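Here chain A shows up in two complexes: once beside chain B, once beside chain C.
Right, the complex of A and B next:
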């Protein structure tokens, strides 16, 4: 049990639409990154996927079957904020997990806590924010579950422990677990995730394998001799996702065939032509940000 | 599956044990102090025994060691019955300066004092081992049960306030989990009441051999002492199960609000339309408060209540209403909590 299918998910809170027609398919053993700006609907998606919130429409399937209480034996979740009980010790949390989940490994949990530098004898209220996150990650990993859902699993952690969490995520995937996680640290997502989805204002803005997205998407930039020029239908070229003009400068975001687009711009009289590669952060910004994104990306590439 | 709730139960019982233990220590200190004082109190008897002309005789009547002190000069007769279980009954008959007829009776726990005057003869009977109606213990236990029920009155709301991701991701249905929580809390109430009864018995044993009176309507008290806290616990949880915050305020104000409603439901607010309307409103509101059904009576003159009001309900109707309220409120709490979203 480890393939996750989210189909046409919709979640509303009164008149507010938190998720709208959101569909993704997460293959078994995949590390899947969910990106989106604040309030985009990432956490709501996770909650709907886990049955913590009731979706208004759509369905979430685990290996083709809807979520039932028994399914939760195979799913571990790390929320974005601490849900640990302040008055309990970390050791008591371990005991709580041991009693609740058959596959929970106490020795693995203690080993991970040791690696994170968390003293299991301490009460949660005595732990820092990062230590609480680390504790939740350790408790989730020690479940040895088939599915791991992590909402900002590196929040509050120092760089060393952030890297450690990423390694744990990759190891879990190597073990065969399916991992769905979100992070505002796009570099981390780029490092760990095989596939990503970008969610913006509750809707799926972009989805695909990280390598494919990076390989396909380029910015083609050209400079025209004067500000009065025509693009001669270039904007409607199906290979061009978006085109921005800024004075004499034109920037076209292409989904493929960047060289052909460059040739078309050259034919229209543009000079100083060049193709700019995009990293995952650029791709994310393109997917969710307003039109000045192209300028930001090119300026970043120039610097 | 309900490990967290059992930890809460353990902590609650631990604190209750500490409080009861502290009270017992205070009781022990009082006992030591009273032991000294009691020597002084018996000085009257000792003084009478040493009066010239006093005759003292000892006899055994039915296993009771009886000491009879007769002071012909003062016309005082004192009979001291030392009973096999450690109790003592002192009967003092003496002349009075006035001529009247009256009788007073005071009972505090197992201590009973009766003073009567018949013409010019005064009789005082002090019984230090009068049977203690077990209802006293159950009334105290019921009160502690109510306090514990209040402590656990927002048990679901506590999960809602930041822990639902733990509670709701256990591989069991929400209903089963909720029943597990309720089971733990109800067990805590029962254990707290049992601990209170044991502590009271220990406390009494410091002063005398406990001599319980299990006769009469003790089944009534047991039922009310248990059902009342259960119903109160269920009511508070029904009121808070869907809340994520603010449950503490509801629990905090629950006692004064409930007391006010029950009191006003029994107060005559006048014969005006306004007065009768308010009375009707409070009486109607009081019907959904468990305390309205928690009154019990025992003995001839005494009344012990785990609630406040003596309603017009027959015993069986009271139990039925308390049980029904516990079940209905409990079901309401579970139904609401089932629908809570993280």
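Right, the complex of A and C next:
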């Protein structure tokens, strides 16, 4: 069983910076969700963590030790794109995994494939995209590894099988395995993950426990009597990460102490005050909103 | 456990708070009886498809609030003594928050304290009329 520490990871391709000073700590047994827009650097981060890509700087540690070839025995990886061989049957893949990994459980793999409805006698080329994903997940879970790194492990799956994959992840974490996974389906991350990081253009945009982020991050909304009002330095309040203004309505995204921010808006003469809860999708979207646009609305709010 | 909990992960309310609220409500309504065993952390996590640590956190808070007790190796149970006072306290918490939000809303719309008081009296009279 193992922790994962990604420290100051940097990856450049020529002049292009794919990952820039990215650091996260994943405790043992944690289900950790990595979120980010397309091309943000999620897959590159996974590849660096697995030694499949060489980072330009920084280090990835498992239980405090750098990755060595023997570490890979304890890490199961489901890549975003199928790495199964089209011409081989699923059963032949099971045999290949059994030879490659000491702890691989053939009976567990067969049990999981049955649950997913994958016929092991079929050749991979005859499987749908979803069934290929399910096969890769089944082969990874059957490794009974200490660490699972899953890149979009539910892509192409129907809702029943998606739920099944989430329950397998939960089950792995309950037995002590550390799980790092990415998904564009934020609702799934919201269910299964204890902590999340948002990566945006290679940088860490947001990190925290899902429950804490939801408890702390709120929209505080108020309505002013006329369109000419002053926010009196509200935009520079450290608790406010963003302010949107639409006519007489002001919406402030707060990182904590929403009640205090509400009191400040009230003191400025706003009425119709309310605090709006945010789900993870809202929190994600606000985290990756272009900073220039944020600067614009802050300026507009101050003028 | 006969209670079927449901969580809405897309809600802005943290999932562990949803679990706490629903178990308290089940105890308050008598759906969960004193001494009744709760599912294990892992079982509830799999039933609801939520993170096991989220369930642990909810159970720890319920234990601290005196709603459940955990016997090592045996599992978690609804506390046999103190069910009525803890559930009353839980219900009071919910009501206090709702009333505070309503008063804040009324004030921000521009009603005076007296106007809000008379609205509150009218509401109390309406709902308690049959009991009087």
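Everything that follows uses one rule, which is that the second predicted complex is superposed on the first by the 288 of 303 C-alpha atoms of A that agree within 3 Å, B and C clash if a C-alpha of one lies under 4 Å from a C-alpha of the other, contacts with A are read in each partner's own complex, and residues count from 1 in each chain.
In the analysis below, a residue touches a chain if its C-beta (ideal position, glycine included) is under 8 Å from a C-beta of that chain, and two chains touch if they have at least 3 such contacts.
All values reported here derive from a predicted model rather than from experimental measurement.
J.: Let's test your reading of the overlay: on chain A, do chain B and chain C clash or fit side by side?
T.: Aligned on chain A, chain B and chain C fit with no clash.
J.: Who does A:111 touch here: chain B (first), chain C (second), both, or neither?
T.: Neither chain B nor chain C is touched by A:111.
J.: Look at A:170 in the shared chain and tell me whether it touches chain B only, chain C only, both, or neither; answer first, second, both or neither.
T.: The answer is second: A:170 touches chain C but not chain B.
J.: Under the stated touch criterion, which partner chain does A:21 make contact with: chain B (first), chain C (second), both, or neither?
T.: neither
J.: Identify the partner contact of A:191: answer first if only chain B is touched, second if only chain C is, both if each is, neither if none is.
T.: second
J.: For A:257 in the superposed arrangement: first (chain B), second (chain C), both or neither?
T.: So A:257 meets neither chain B nor chain C here.
J.: Based on the superposed arrangement, let me know which partner A:63 touches: chain B (first), chain C (second), both, or neither?
T.: neither
J.: After superposing on the shared chain, does chain C or chain B touch more chain A residues?
T.: If we count touched residues of chain A for both partners, the winner is C.
J.: In the superposed arrangement, which partner chain does A:244 touch: chain B (first), chain C (second), both, or neither?
T.: The answer is neither, since A:244 touches no partner chain.
J.: How many Å separate the nearest C-alpha atoms of chain B and chain C in the overlaid structures?
T.: 28
J.: Considering only the contact definition stated at the top, list the common interface residues of chain A for chain B and chain C.
T.: Common interface on chain A, chain B vs chain C: nothing in common.
J.: Quick one: which bits of chain B touch chain A in the complex? Just the residue numbers, please.
T.: Going by the criterion above, the answer is residues 1, 3-4, 7, 11, 162-166, 168-173, 341-342.
J.: List the residues on chain A that touch chain C in their complex, please.
T.: My answer: residues 30-31, 163, 166-167, 170-171, 173-174, 187, 190-194, 210-212, 214-215, 218, 266, 270-274, 276-282.
J.: Using the touch rule from the top, collect the residues of chain C that touch chain A in their complex.
T.: Spelled out, the residues of chain C in touch with chain A are 9-17, 41-42, 45-46, 49-54, 57, 104-105, 108-110.
J.: Give every residue of chain A touching chain B within the complex, in rising order.
T.: Residue positions touching the partner: 47, 50-54, 69-73, 75, 77, 79, 81-85, 87-88, 92, 95-96, 99-101.
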